[in-house]
Amino acid sequence: MADRLRDYGLQSERLLWPTKGPSRFEEELGVEELEQALGITTLEKAVRWAQTKSMWPDTFGLACCAIEMMAIVGSRYDLARFGMEAFRSSPRQADLLIVSGRVSHKMAAPLRQIYDQMLEPKWVIAMGACASSGGMFNNYAVLQGVDRIVPVDIYVPFCPPRPEALMEGILRLHEAHLAGVPPAYERRQVAT
Amino acid sequence: MSDYAKIPGYVSAKEEHGETTVVVDPAHIREACTYARDDLGFNMLVDLVATDYLGWAGKGVSGYIGTASGRDLNLPMTQGLQALPDVKPTRFSISYHLLALRQGAPRLRLQCWLEDGDSVESVVPVWPSADWLEREQYDLMGIDFTGHPNLARLLLDDDWEGHPLRKDYPIGGEPVRFSPAE
Amino acid sequence: MSTTLQRVGRARRWPIVGDPIYEGSRIPSRVPTVMDVPPPLRETDDILQVNFGPNHPSTHGVLRLIVDLDGEEVVGLSAVVGYLHTGFEKNMEQKTWWKAITYPERIDYVGYQNNELVFVLAIEKLLAMEVPEKATWMRMLLCELNRIHSHLVFLGTSALELGAISMFWYCFRERETILDLFELVAGQRMHTRYFQTGGIAEDIPVGFFPEARKFVETMPKALDDYLTLLDRNKIWLERTQGVGLLSADDAIALGQSGPVLRASGVDWDLRRDQPYLAYDQVDFRVPVYTGGDVYDRYRVRMDEMAQSTRIVRQCLDRLERMEGEPWITDDRKVVLPPREELHTSMESLIHHFKIVTEGYRVPAGEVYVAIESPRGESGCYVVSDGGPRPWRVHFRPPSFHALQATATCSHGALIADLIAIVGSLDAVMGDTDR
Amino acid sequence: MLSNWLPFLIYGLFALAIPASMIYLSFAVAQRPRARTRARVIPFESGVSKGQMKPQRFTVSFYLTAMLFIVFDIEIVFLYPLAVQLHALGWFGFVEFAFFILILVVAYVYIWRKGALDW
């Protein structure tokens, strides 16, 4: 069922835009003022809120995008503001797999094994053109896009993406998860 | 130029773009390398490259050949060449780039020409840095180096068949929409 | 336990184990890049084989080391590479020369300006083309900035792995200022594609010189910060001195170059011994240390950062006097004519059309050009058949040879030292696997 | 008499409740994987693990290091009660403990010269 984010009523609102009013999906999902006033919420929403506030990425640095991924942990583009500064190296403790760089066929099997060893709920960000679509390497050695072996939530374009671009991808992921969009392995039956 | 003539297995030498290339008979490559290292003082093997000259300047067309749903041999990729480049003796060439760590940084390229399926003696005993270089050329170009300590695939998976950098190996990947290769 | 009792403290002697198989070098094992387990240990079953695998935080990319451990001590090691093989050379044979210039940056993605430079220099050598002086000096300035950037990434990550976590944030603070300069010049932080055959793509933007001056003022102070943080740090000294020993003749035999070679006592730097661009008109010192261990490689790279800052300062002085000079050659066969010229002259329209559609042609021949990239000698062997597409391109990656020395360097190392050794070799996996 | 132990009881209950709730929540809120759970069982070996690691003997030096740690750690633990009562014990306590420390220093020097400390 190739449904799109739009079917979940998620408009592409930008969280980074401070002067933006309440985003469209909150109005559409009918959040009553009473609930907001009293701050009562459903358990599921509270769990979602907790999950987005500390989504730990897995250090899966492959190529040039890994250097830019390291830059977002630096002091200028600090990712700790979103609770994500602990880059876990073992998939057991990671929630988010940022595939940063080109995936060669020899690396496909380890990538798939690490994805399987991550615990639910887990998300995948295909960072950069090479991870999203094979980029400029349309040849025998490179996997033409990570979504052939792993269900991907967010595709971040550019080569390599600026740290701001990656952070916007991460924030969109938080926004989508808060809005109730299930992770990719539930939406898309690609070898869950 | 003169003392290069004493390299065992010396065939010819040429000076181009400020670089000297000495063509050596593949059977004597190890003696030539040992001579170059001990007598001529080239103590570092900087690089070892194999090149495939299949379809070199055939029909006056330049560029990549590739078949099996890759590029078509007869479809010229470019207009004809103004000047046909000189014909190469055999299909494969192996170039050993040597460097002497002394004043003036003299460099030398020992080149030997092979047909497909020929094998050449490994120079790992002469320069240990040749170990991975030869494995990579075996892996990508299919050149067999006899006497190599453990000749196996280096960059590709062990169960990969074919040698990708050969000219008749298609580029692979996927046909891009709206492109002639589709 | 008995075998390790008589070890003489931390400073170990050179790894002379058994009679050297390769004359003139001390590489003991039959296969230079593999350290095989000594026979007596092989039968006992307390050898633990560990995968220092492709996804490991401290292997600087997707390097895989198969390590045989006797307790904590590394007794067997073999590196497996190829997890980032991207088929650059096959792809570049498909592209015209103009498009192919974009590829080399992604090979060594930390020292990307230098990689792009080596390919462009190879094309210019085949074309026997003269590059205007302004372009030469600007290329040199950017390559030196890139060297500082590359050494900062090395220092940040390898200190992070040895526990000096705060170094990461200090080094990436300076790295951001360098990336701002690249962005100011070329519009993109990394992979700037600013070098063109025959010069540089655009003229130097107006605000570049004051910004670069500011950087050149702050960099020495930042270097002092790093030194005060690390140089007398007991843990850092304890974990890096006497670890990962590589003797001079082993380094030459294994084809090392750059900081790894200079840290082993071999005074060799292509910028001084085989000058390219305008390195002969710039004075700088080449740091050489004879310790051959992780600490000396770190000190070579720190001194190189200081020297590169000096070179950048001299380039800035020179470039500021070259206002208004051409930044690219006017050889219309290779370089796109300027926009306004297309409206008037028919020839430049034809040249423009020819270059854009089929690409310029490079005369037949083969050439090997080598430069001093941050990791060592980065070479480019190009064969052209006179057409608009390269026939064969091969890059000589310094990290490829650096990884060949892991087995020789980690003789008698502990598992914790292995991280320091792999960090000090500063191998970039894109460079190794191409 | 029992009443002044009540705060400890409450404190103990809290100390028990917090970890218990965490463990319960991690089961209650967890999402069960439906397929491909074999990868969960095999150990994480940087992505290339073939299967269960065969059980292997560890060298004796791990055990030795553990023992040395325990010996010198307990020595420090004994310092705490001394520090609390040092004023009451006075010089007697100090000399007594100095003798205790001396014995352990002799053991330390022996181990150090024997080379058991470096790996």
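As written, the chain order gives the labels A, B, C and D, with residue 1 at the start of each chain.
Everything below uses one rule, namely that a contact is a pair of C-beta atoms (placed from the backbone, for glycine too) under 8 Å apart; a residue touches a chain by one contact, two chains touch by 3 or more.
Source: prediction; values computed, not measured.
Chemist: Looking across all chain pairs, point out the one with the most C-beta pairs in contact.
Modeler: Highest contact count among chain pairs: B-C.
Chemist: Where the centres are mean C-alpha positions, what is the separation of chain A from chain C, in Å?
Modeler: 32
Chemist: Averaged over CA atoms, how far is the centre of chain C from the centre of chain D? Could you give it in whole Å?
Modeler: Their C-alpha centroids are separated by 44 Å.
Chemist: Using mean CA coordinates as chain centres, what's the gap between chain A and chain D in Å?
Modeler: Averaging C-alpha atoms per chain gives centres 38 Å apart.
Chemist: State, to the nearest whole Å, the distance from the C-alpha centre of chain B to the C-alpha centre of chain C.
Modeler: The separation of the two C-alpha centroids amounts to 24 Å.
Chemist: Scan chain B for residues touching two or more other chains and write them down.
Modeler: Expected reply: 156-157, 164, 169, 171-172.
Chemist: Using the touch definition from the top, which residues of chain C touch two or more other chains?
Modeler: 53-56, 82, 85, 87, 90-91, 433 - these are the residues of chain C that touch more than one other chain.
Chemist: Could you say which residues in chain A touch two or more other chains, in rising order?
Modeler: Residues 106, 110, 114, 137-142 of chain A touch two or more partner chains.
Chemist: Would you identify the shape of the chain contact graph, picking one of line, ring, star, complete or other?
Modeler: Topology of the interface graph: other, matching no listed pattern.
Chemist: With touch defined as at the start, can you tell me which chain C residues reach chain B in the complex?
Modeler: Interface residues on the chain C side: 22, 24-25, 27, 30-34, 81-82, 85, 87, 89-91, 93-94, 125-126, 128, 252-255, 257, 266, 268, 270, 273-274, 358, 361, 364-368, 370, 377, 379, 381, 383, 385-389, 391-392, 394, 396, 400-401, 403-404, 433-434.
Chemist: Using the touch definition from the top, list the residues of chain C that touch chain D in their complex.
Modeler: Residues 1, 4-7, 9, 45-46, 48, 50-56, 64, 70-73, 414.
Chemist: So in the complex, the part of chain A that touches chain C is made up of which residues?
Modeler: 59-64, 66-68, 70-71, 73-76, 87, 89, 101-102, 104, 106-107, 110, 114, 136-142, 159-160, 162
Chemist: Show which residues of chain B lie in contact with chain C when the two form their complex.
Modeler: Touching chain C from chain B are residues 16-17, 19, 21, 43-47, 49, 51-53, 56-57, 61-64, 77-79, 81-86, 95, 97, 99, 101, 103-105, 107, 109, 124-125, 127-129, 131-132, 140, 149-150, 153-157, 164-165, 169, 171-172.
Chemist: So in the complex, the part of chain D that touches chain A is made up of which residues?
Modeler: 29-36, 38-40, 44, 46-49
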